[in-house]
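Chain nomenclature is as follows: A, B, C and D, assigned in order of appearance, with residue numbering initiated at 1 for each chain independently.
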Amino acid sequence: MHNLAFDIAHLLAGGLVLISFMMLYQDRLYALLNIFALHAVVLAASVAWQAFIQNAPHLYVTAAIALVFKAIVIPVALHRIIKQLGIHRDIETAVSIGPTMLAGMGLVALSMVLMLRVTGAADPLAREDLAFALSVVLLGLLVMVTRRNAVSQVVGFMSLENGLVLAATGAKGMPLVVEISVAFSILIAFIVIGVFLFRIRERFDTVDVGALDEFRGERR
Amino acid sequence: MTAASDAVAWVLLIPICAAATLAALPGYRLTAGINILASLGTLLAALSLFVIERPQPGQYLLIDDLNIVFIVLNTFVGFTTSVFSASYIAHELETGRLTPGYLRFYHAMYQVMMFGMNLAFVSNNIGLMWVAVEIATLTTVLMVGIYRTHAALEAAWKYFILGSVGIALALFGTILVYMAALPVIGEGLDAMVWTVLISRAATFDPALLNVAFIFLLLGYGTKVGLAPLHAWLPDAHAEGPTPISAVLSGLLLNVALYAVLRFKILLAVNPDAISPGPLMVTMGLTSLLFAAFMLYRRRDIKRLFAYSSIEHMGIIVFAFGMGGPLANFAGLLHMVMHSLTKSGIFYAVGHITQVKGTQRIANIRGLTETHPALGWSLVIGVVAIAGLPPLGIFMSEFLIVSSTFARQPLLAIPLVFGLLLAFGALFLRLTSLAFGEPRGNAAPADASYLPMFAHFALVLTAGIYLPGPLVVWFQHVANLLG
Amino acid sequence: MIPAVAQQIWCVAALLGTTALAIASSRSRRSTALVYGATFAISLVALAGALFSLIARTGATELTLPIGLPWLGSHFRLDALAAFFLVVVNLGAAAASLYGLGYGSHESMPQRILPFFPAFLAGMNLVVLADDAFTYLLCWEFMSLASWALVMAHHREPDNARAGYVYLVMASFGTLALLLAFGLLSGAGGGYGFAAIRSAQHTPSEAALVLALMLLGAGSKAGLVPLHVWLPLAHPAAPSHVSALMSGVMTKVAIYGFIRVVFDLLGPPSWSAGVVVLILGGATAVIGILYALMENDLKRLLAYSTIENIGVIFTSLGLALAFQANGFGLAAALAFTASLFHVLNHSFFKSLLFFGAGAVLTSTGERDMEKLGGLIHRMPLTSFVFLVGCVAISALPPFNGFVSEWLIFQAVLQSPDLPQWVLKIMVPAVGALLALAAALAAACFVKAFGITFLGRARSPAAEAAGEVDRYSLAAMFSLAALCFLAGILPGLVIDALSPVAQAVIGHRMPVQANDAWLSIVPIEESRSSYNGLLVFAFITAAASLAVYFIHRFASRAIRRGPAWGCGFADPTPAAQYSGASFVQPIRRVFGTLVFQAREHVDMPAPGDLRPARFKVDMHDLVWERLYTPLTEAVWFLADRLNQLQFLTIRRYLSLVFATLVTLLLVLAIWS
Amino acid sequence: MVVISDIFVQLGQMALVLLLAPLLTGVVRKIKARLLRRRGPSIFQPYRDLLRLLRKEVVLAENASWLFRVTPYVTFAAIWVAAALVPTFASGLEFNWSADLIAIVALLGSARFFLALAGMDVGTSFGGIGSSREVMIAALAEPAMLLMVFCVALIAGSTQLSTVATFMASSEVGLRVSLGMAMIALIMVALAENARIPVDNPATHLELTMVHEAMILEYSGRHLAMIEFGAFLKLLLYVSLIICVFFPWQITTEGAGPLSYLVSVAAYIFKLAVASLLLAVFETATAKMRVFRVPEFLGAALMLGLLGTLLRFVSRGF
């Protein structure tokens, strides 16, 4: 039983990393959103699984949030934003796909190296989980910094945050997990609203119109 | 005991209740008054913490020697800033940069922010501390964007995005700490309670702690404004209302620093973990040198002092990184002095920008002639921040440099170099601001000098005479910092 | 009976009180008289106290106040060395205050000077009294700060702003150097008390490093080449009585710091230290006076000549170090006493000369010598005292400047006893440099006096000049009298200095007071001796004899006529020799080397009506080779880094990301 | 008793130099004239000139200040005192401990200082030329002189002229390279200081070439007399300085009988005669150099002095 539990958890976590890679690979917006939705679903699954094996019911809430909010609400909202702002569909990347993938590999390797140092005293499940979580976090950051497009950066941030939730739920009996996931969902909501409110089209750092492109502080 | 916990409760309750009421109330005079009163109340509550005996550290709240210093400093500057902001905001209303609606929001947010910071200080729970820091950050984000100009919005946006990434990193670090504690302490809330953690930290898994510390250093370091994570800081200072700039420089940075320190202590307890010193020293020096160079090209007066904040944060982190009783003492002293001085400077700068109607350094000349009070206080402020005697920062810099040179001569060279660079830049600007042919509006300013003078008076006395009890206190804390 | 040091501290407190008074009474018109009167009285009291404890040889007295570094308190100590420098400081202060009583009334914005003047005095007193590193540096930097405020007094001139800026940056550079030195001396434990430092053991490498840092720190304040650049900018920018203090006194405070650390705290020196100091001193002396010669701004000229004198003082300090290191107590005492004597002398005549320059400035509004001239007719008294100052600073008997130079030469002549060949060879060479500097100084002050006071007025302002007020004259005359007295009664001064030498070097010069006819004998009479009094007596006797005989037996008739000038009298004062043309021969000799001076003559062809032009361009190599590149480097880096202000958020995020990954990598590799 | 005699000796010296100074110049001029196949004025001509000048009234430029009128006496006095302190025929003078060799150099310096100022006082361009060139020459001559002093003092272990003289007279000195160099340096300096050819020509009033004469151009009557007298004294001083340092034979030491005094006076006068002959020959043999060659000339003197000072370590004499 325990082995099975371990394997499933492992599988799900690994799946997250894999999906992160798919995100890195994607260069079409809608597809990216769909993949992110998948990411969220898998996260929800793994959280739920954790809830089951740690028999910690409150984690189900987190799973639910992940499922509803991240897998459905946000992607839909972003779809509409893309339509309304008329963001054109394909993402121009700062770094081309190939090197990005390589960098991703490197990051995963790095996180493995770091985490496998951890003494076996910490229970293996947590350990593996952390390794995966760390890689998901790093990959999320990678997405953020390699994509020029606002929406995809939001997506990157959310995947990063998925990694956090994964880690948090992997940690046995960690308090405040639910609160944290809620807080983060709100944060993301803020960002999405911000993107919509300031009608950020292309780059993350230009609010509304070109007039502001000049403004980088003092460049007046 | 009960009285004590009450005091702690007051420190948190007053701001939050005040926030609620202020959100509801209209009218400038009333709200500003309430704001001041609330801040004063919080200050008194914080001061009362000195006299009454400590409560037992609970699962959430904690009062110990380290954080009480921060709390008192925090509430004090919060109070003076509220006084300053009263007169400042009045002017903003006249010029119509702020509408009453936003004003209400402003005051409410101010109190929420104070609440967040106090909470961060008193929290005995790393999770709670994280939440508190984030509350403080988000509120300041909203305040920075309050003018709704493009510049302000973008500054706020930048702050927000970088901040949230910082949040994420800090959280991951927190989780890692919990994971490290898990095998030793067991599941549940205890594994996040600071006092418990510190008592058992020696047996934690070092590898986890190391990774955790890096994430925490970067996460909270983003808010400390360490280069190269500083990007949000200058714009946030420059575009927000000046009271917020004062609070940012004087307080929020300290909050983040406090968090970093907590975890430094945690790591210091564990023998196998990496010593956080070298990391902090490196980042400190980087920030110092970087900011020192950046100071030369500044054209906006508020951004200038924002960068000087980065520089001083670098010095402080450097000092704590060096460790040892002298350096830690110096670091604490430097932190307190910097908060007082820098907020004082921002008070002066706020009035100056209001009366001159510009933040461009090029358009401000000969202040000592047109506005002697403001001009000379600016001079005093810069003299203080540049580390000239007889003001407080001189003492801390003296201790830092001399002790560093005695222990690590090679580290002292870049340190001294950075100090000199920053010095040169600051005075280059000061000479053009305070002296020379007057330029710009010469109308008399209706300013509230009291907070400014209070701060500088404190800094001056500290530079010449530090009261014995305070010193003992600091030394105790310094040893506690290891 | 309160101890001497307490008296001094009280005086300082009174000075600070005067600052408060000045701020309070800044509105009233009488504040000028009030403040300077107060500082004058206080300085006199302090002077009396210091003199007493110097002459009466009261031992060192200490005092600890519960301020400054909390666990240390701030220590003050009044020993012979401190007492001597207190005499220098307060004497200059008293004179400057007296002068200020008159000069200050011409001041356009006194409220920018009055508060800082007493603060400046207090700072200088405190530096000399301080007995722990923290207090010392605090007062040191406070002194710099106050003097900076005084330099910025006339802040509307852009030059002054620049001067103040350069000054303050150099000052804080010096302070940081001192800070490092003290950090090294007091060790990681933070034993900042001078007593602790004195008792601590210092390795040779430490000592060498400390010496280097002291040369940077104290040297930058005293004006050692190449750290002197701020001095000719800042000293002239300040009001004249402040310039006098900065040049005549503050540089001496810097020398005090050097002596205190290198001779007192650092323990027995190594002879190589002497070599370094000797070279620096000699170079400073010659370069300083050459700059002074080329200068046409009176106050800048004086400032540069200060650099020369600092060089002289450091040279003899270097001699003292060399002798001390080899255990030649008497010779060391001789060199050391000579340097102290020169410190005293320079404070006398440099203050006097700056006062004179200030007098000229007030009555003509000109500092540029090329616009002056003929003042000896309109300001006879001022010109007389200025002449005294010039003779004294040119080291001519029977005035005081000569005595100290003479003593230094006597010290130089002790060099063959030294065991190290480097020193054997080098000391006479440095002596040659000193001789050259002295001769050039004479030339320089012939120019200064001749162009400014003699000849015919070169501008209407100089034409309309008038004598200055009584206070200024009183100050100048008292200083001139001191120059003269120290010149003819050097034995008394040397005896007064002996306790200092005794305390610092461990030996003293032989007692002079009971030599016949008050003559001075450094080592023994067969070697050398000098008697200013007799020389003066002889000269006066001879001169009056000549005058008597001539006026008695030969003609005494006088007829005034136009100047002859080889037959054609000059049409206009502009045809006189100007300052620039006066130094042209010397510029030809040294200028090409030191200033890369190039002369361009543009001589029109015969029949061409365009005027002939003569142009000289000279370069300040120190600025061009050292400081300009430095500043350029800083600005270049600032520009490059400034790009980071203008990145996009994505780039900033990448920075964060990069940092994170690097740190993680470091962790992965190392731990 | 000894004191009295010493004082007499001292006064005798002062009187003697005063008397002999013009004569020396007269002799030099006479010899030069003879070398140029002229008869030349009598050797007492300088005395006559002085007396004539003393009798004339002073013509003072309107712009001349008190300094201008004081200077002649000051310079004269300074030089006289300096000259009185150089042992001519007897060492161990009563007062020569009151000023040593360095002081004597400085005394001459102050004389020059005032003269240069006086040159600038009236405000003519000639005075300016004179002063500036004089000052330039002095700026190099004085260090050279001092180096010579160092060299001698380091060897004799004293800057006290009497001591030096007695030491040099004593046998243990021997011939020394450094001494030779010092002597050459001193001679060069002496030529420059006394405005002799090749540095300056005392006889010319050609504006481009003159230095000393240009300075005193405005002087007349008794003032000029004083200055001329000063110049004569200076020449004598330098000559007797060279004599007493490098050829101190037959200089009577203290407490000797009157006869020895007479002998040494005679010896002294003889030495002077030889010196003047040499000087005259040298001056007629060489041509005056351009003003801006002078620095090189004096620079050579400076180098010689320094070299001598340094060489004294290697050459211990024999």
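Methods note: contacts are C-beta pairs under 8 Å (C-beta built on N, C-alpha and C of every residue); 3 or more make two chains touch, one makes a residue touch a chain.
Chain identities (UniProt): A = Hydrogenase-4 component E; B = Hydrogenase 4 subunit F; D = Formate hydrogenlyase.
Everything numeric here is computed off the predicted structure, so don't read it as measured data.
**Q** Here's a test of the contact network: exclude chain C and give the groups of chains still joined by touching.
**A** Ignoring chain C, the remaining chains break into A, B | D.
**Q** Determine which two chains are connected by the greatest number of contacting C-beta pairs.
**A** Highest contact count among chain pairs: C-D.
**Q** Please flag the chain sitting at the greatest distance from chain B, going by CA centroids.
**A** Most remote chain from chain B, centroid-wise, comes out as D.
**Q** Can you give the whole-Å distance between the Cα centres of chain A and chain B?
**A** 31
**Q** Provide the C-alpha centroid distance between chain B and chain C, rounded to the nearest whole angstrom.
**A** 44
**Q** So the centre of each chain is just the mean of its C-alpha atoms; given that, what is the distance between chain A and chain D in Å?
**A** 100
**Q** Measuring from the mean C-alpha position of chain A to the mean C-alpha position of chain C, what distance in angstrom results?
**A** 69
**Q** Would you please write down the residue numbers of chain C that are in contact with two or more other chains?
**A** Answer for chain C, listing residues that touch two or more other chains: 645, 647, 649, 653, 656, 660, 664, 667, 671.
**Q** Which residues of chain A are in contact with two or more other chains?
**A** Expected reply: 114, 117, 141, 144, 204-206, 217-218.
**Q** I need the residues of chain B touching at least two other chains; which ones are they?
**A** Within chain B, residues 157-158, 161, 165, 207, 211, 234 contact more than one other chain.
**Q** Mind giving me all the chain pairs that touch?
**A** A-B, A-C, B-C, C-D
**Q** Which of the residues in chain C end up touching chain A in this complex?
**A** Residues 645-650, 653-654, 656-657, 660-661, 664-665, 667-668, 671 of chain C touch chain A in their complex.
**Q** Please give the residue numbers of chain B that touch chain C in the complex, ascending.
**A** Residue list for chain B touching chain C: 157-158, 161-162, 165-166, 169, 206-207, 210-211, 214-215, 217-218, 222, 228-229, 231-232, 234, 274, 279, 290, 293-294, 296-297, 324, 326, 366, 368, 383, 386, 388-390, 394-395, 398-399, 401-407, 409, 412, 416, 419-421, 423-424, 427-428, 431-432, 435-437, 463-466, 468, 471, 475.
**Q** Help me check something: in the complex, which residues belonging to chain A touch chain C?
**A** 94, 107, 110-111, 113-114, 117, 138, 141-142, 144-145, 147-148, 153, 203-206, 216-219
**Q** Which positions of chain B touch chain A when the two form their complex?
**A** 127-128, 131, 134, 150-151, 153-155, 157-158, 160-161, 164-165, 167-168, 171-172, 175-176, 178-180, 182-183, 187-189, 191-192, 205, 207-208, 211, 234-235, 238, 298-300, 303
**Q** Which of the residues in chain C end up touching chain D in this complex?
**A** 373-374, 376-377, 380, 387, 391, 394-397, 402, 406, 409-410, 412-413, 416, 421, 424-425, 428-429, 431-432, 435-436, 438-440, 442-443, 446-447, 449-451, 454-456, 517, 519, 525-531, 534-535, 538-543, 546-547, 550, 554-555, 557-566, 569-570, 573, 575-577, 581-586, 588-589
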